[in-house]
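Next come two complexes built around chain A: one with chain B, the other with chain C.
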Partner chain A sequence: MTKTVNNKAWFLVLPVFLIVAFSAVLPLMTVVNYSVQDTFGNNQFFWNGVGWFQELLDPTTDLGGRFFDSLWRTLLFSAIILMIEVPLGILVALSMPREGWTVALSLVLMALPLLIPWNVVGTIWQVFARGDIGLLGWVVNHLGIDYNYTGDPLDAWITIVVMDVWHWTSLVALLCYAGLKSIPDAYYQAARIDGASRWAVFRTIQLPKMRRVLLIAVLLRFMDSFMIYTEPFVLTGGGPGNATTFLSIDLVKLALGQFDLGKAAAMSLVYNLIILAICWVFYTIMTNVDAQKERVEA
Partner chain B sequence: MARITLDHLAHAYRPDPQGPQDYALKEINHVWSQGGAYALLGPSGCGKTTLLNIISGLVRPTRGRILFDDRDVTDLPTEARNIAQVFQFPVVYDTMTVRENLAFPLKNRHVPRDKTAQRVEEIARLLDLTSVLGRKASNLTADMKQKISLGRGLVRSDVAAILFDEPLTVIDPHLKWQLRSTLKEIHRALDITMIYVTHDQTEALTFADKVVVMHDGAVVQTGTPDELFERPAHTFVGHFIGSPGMNILPCQVEGATAFLGGEAVSLQRHYRTLNHSERLELGIRPEFVQLQPKGSGLPVRVRRIDDIGRARIARVEMNGRMMAASVPENLSVSGDEASLHLDARHIHIYADGHLVSGEPMGGQTA
Partner chain C sequence: MFDLAWMAWTWQTGLFFAGIASLLIVMTLLAIYSPETERVGILRIPTTRGDRLFISLLGSAFIHLAWLGLVGLDLWWASGLSLLYAALVFRTV
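Right, the complex of A and B next:
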């Protein structure tokens, strides 16, 4: 096929350029602008060069120490919920019914947590986990376990992790379920004839077929958890102390609590770059998988 | 190695079958003898895949028994039967190499490693897969993958029968012949019972020694390709096998004469015992109907003449009914009026769809 060259076509993408410029590029440039300046209020700004960045990336300074603490906290949180939600999601998907009226029922039940607004999820768990009136907190305390998510850092972590697992495992499960549904019956029948065990069926048929959706699930869950804000903000507000202060919460504290616009701008740019870098890694992996697939089909 | 016996077998997918209309597979009694090459032929939805899945144990029959030799395997799960099955769409384990694919059934059955390796090499040589043994199975073409699925059945030394469920559906036409002859070679080499399900009569007739024709959940005829062609036991077989299929015409029969509309056709057999409440039909294959110039024989109108390569077939109309007839090489038809000559030795009479044998006249047999 030959392409005709017509430069007027650029006008067709102009609206998109304008929208992207106003919604993304201009605000981002404002942030870049802040990140190289310091202000003492009064709308007066002073040039600071890369000073904020130097401070931010140096763990011995106040700003850097705080940044790396939040960063490790966030990465730890992402790692924990991925390690729980991915296997659990696969397990749930494997035990979901394949046909009959129970399919619709389980799909609706699975989708419910995904439909609840995030701050409502936070509120639900805030009440649910309270020691005095919350069903969960009250029961756990009466079982003789000392549990108080507002006072004990470990309890706070456990509560946030459980909340996230409750909220998002069904996303992983639904994605895996879609992957499982795409496997033709003949594969299972062939495996039975070949005498494959349940584990062998999982390893040789189900897991390879789920690889692609699993990658997407991991990407989505990683990004979401890495940027998590609303639920822990509502549940613990970042506390006790700074125990659950994730990067996003820290950023808001810095920018809107302390009004340190320069530091906050530098932090958000680095945060942004980290996310972009991770996205790029995932993108590369996914396109590699695709390329392999194409070679298979060719 | 085994003889497979189907004893009063029937299957309904509904849990509470009320009458014959609920059965996907009507009662069937059949013996597949050891080492035979069978084809199970029928249009889509006639129950042939159901029958295949019952034999392999993927479906449990509603009624009846399956015997391998004299052992009742009706309640045995698939993996406990000595059966291999090749599916319509090739099934390979994507993450494994061809060698691992072939070894998989043996590995699952805890066969010693050296024995497995030796057997895999053997089967790979037989299927011409030796050169790709080290490659990932997912990167191969459909016919290679289908060979791997077949190979996974063949590696097991205990396999008594291999079932094929339309195995050539996704194979390129020019490779179909090749793969089919591979199958025939393997059948000759290994003395394994093969049951081959297809809706393609060419595949069935070229592959099998014996063809089982199914229609609407029931077996209508079992026979060699020749028998199916020469003496179709049912009008369905006559119509389904052969291209074009048999001409089936409503008729009346008196003694040794059939009447097609007003025209009398003399037969070679007597039909004295026909019950006149039954629907009578005359069947004759186009190969035995000759188009002739107008005058001698049944008067017809020629609608169209098709050149189908090895012969010319005329589509003619007689009393408002379409028929097919062969056109002799030297005949050129002018105008649309012609007549037909029917070869009396190849005329069959059907009552309600079933072949009526009649009695020979003067010691002759048709």
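Right, the complex of A and C next:
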């Protein structure tokens, strides 16, 4: 059967295109315009060429220093939470029940943290981890461990990481669970006949079947953690000092706190380019895993 | 007419976006008048002309940034390098 390709169908996307143009393309163009100019307010702009970008990419300058510091902090944060949430999510998915009434119960329990708005999660943990009135902070302090997330950078990091793990591990777990559910029983029966160990079943049946959902989980968790703003902003406000100032928090400080539109625009463009590049890599890998599988199956 | 003063246009950025827009128009016309099929190049992924344009533009942005950060001013060299890179992408990827 031959399909006729009718490109006129593209006109149907025109309304969406117009909306996106107003909500995303025009603001992005404005950011590009800002990034090559300086302003002292009053909508007056002065040409600055690539000056902001030059300053941004030079770690010895004030702007460059804080940009690279925030960038490393954000990358470190993403790496830590991926290393915890992905294995933990797989483990949780493997231990979730497959049948019976407990399935619904565990699914609801797992979905609960995902339904809570970001700023509420931040507030919950802000109170929960306080040494004077928070359950967690009080207990940890009374165990003899000196813990204060508002004063100690390491404590602040641990709190933010634990908060993110609490908030998002269930997403990884639910995705993996969906992947596991799609494995037909025959695979497990064959493994039992072959006398495969639990580890062998995981390595050769479960993990390959979860590959696609795991890729999606890693992509989602990476993007979310790389752009994280609300939770650390509510919990620590980027402090103590600048210890938990991630890129997005720094960007808001620069753009709205100091109103340095030129610098902030340059920073957000570089930030945007990094995200675009990483997304493209993930997307390419993801679509090609499918394509390869189709080719093999064909 | 709309007041676009808030967008803080300069002729340089106008030129930049006009360049991107004309690239997109050329690609659209090419897609209409000379349709193509995907091919697999050195990256071992199937790419169309549009994919290769995207890889070229994204790479060029990073080439310019790297030049600015590591070498310094005089971005024309970076632009030349980007053109070379784009030609390479269109030939081999």
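A few notes on this one:
FYI, the second predicted complex is superposed on the first by the 285 of 298 C-alpha atoms of A that agree within 3 Å, B and C clash if a C-alpha of one lies under 4 Å from a C-alpha of the other, contacts with A are read in each partner's own complex, and residues count from 1 in each chain.
What we mean here is this: contacts are C-beta pairs under 8 Å (C-beta built on N, C-alpha and C of every residue); 3 or more make two chains touch, one makes a residue touch a chain.
What you see is a predicted model, and the numbers here were worked out from it, not measured in a lab.
When the two complexes are overlaid, the chain among chain B and chain C that reaches more residues of chain A is C. Within the superposed three-chain model, A:Pro208 lies in touch with chain B and out of touch with chain C [touch as defined at top].
By the touch criterion stated above, A:Ala186 is placed in contact with chain B alone, chain C being left untouched.
Of the two partner chains placed by the overlay, only chain C lies in contact with A:Asn43; chain B stays clear of it.
In the superposed model, A:His142 makes contact with neither chain B nor chain C.
In the superposition on chain A, A:Ser197 makes contact with chain B only, not with chain C.
Touch criterion met: A:Ala277 reaches chain C, while chain B stays clear of it.
Taken together, the two complexes place no residue of chain A in contact with both chain B and chain C. Of all the residues in chain A, the ones that touch chain B in their complex are 184, 186-187, 189-190, 192-197, 200, 204-205, 208-209, 295-296. Put simply, chain A touches chain C in their complex at residues 7, 26, 29-30, 32-34, 36-37, 39, 43, 45, 47, 50, 53-54, 57-58, 270, 273, 276-277, 280, 284, 288, 291. Listed in rising order, the residues of chain C touching chain A in the complex are 5-10, 12-13, 16-17, 32, 45-46, 54-55, 58, 61-62, 65, 68-69, 72-73, 75.
Residues 53, 56, 58, 77-79, 83-85, 87-89, 91, 93-96, 104-105, 108-109, 138-139, 149, 152-153 of chain B are the ones that touch chain A when the two sit in their complex.
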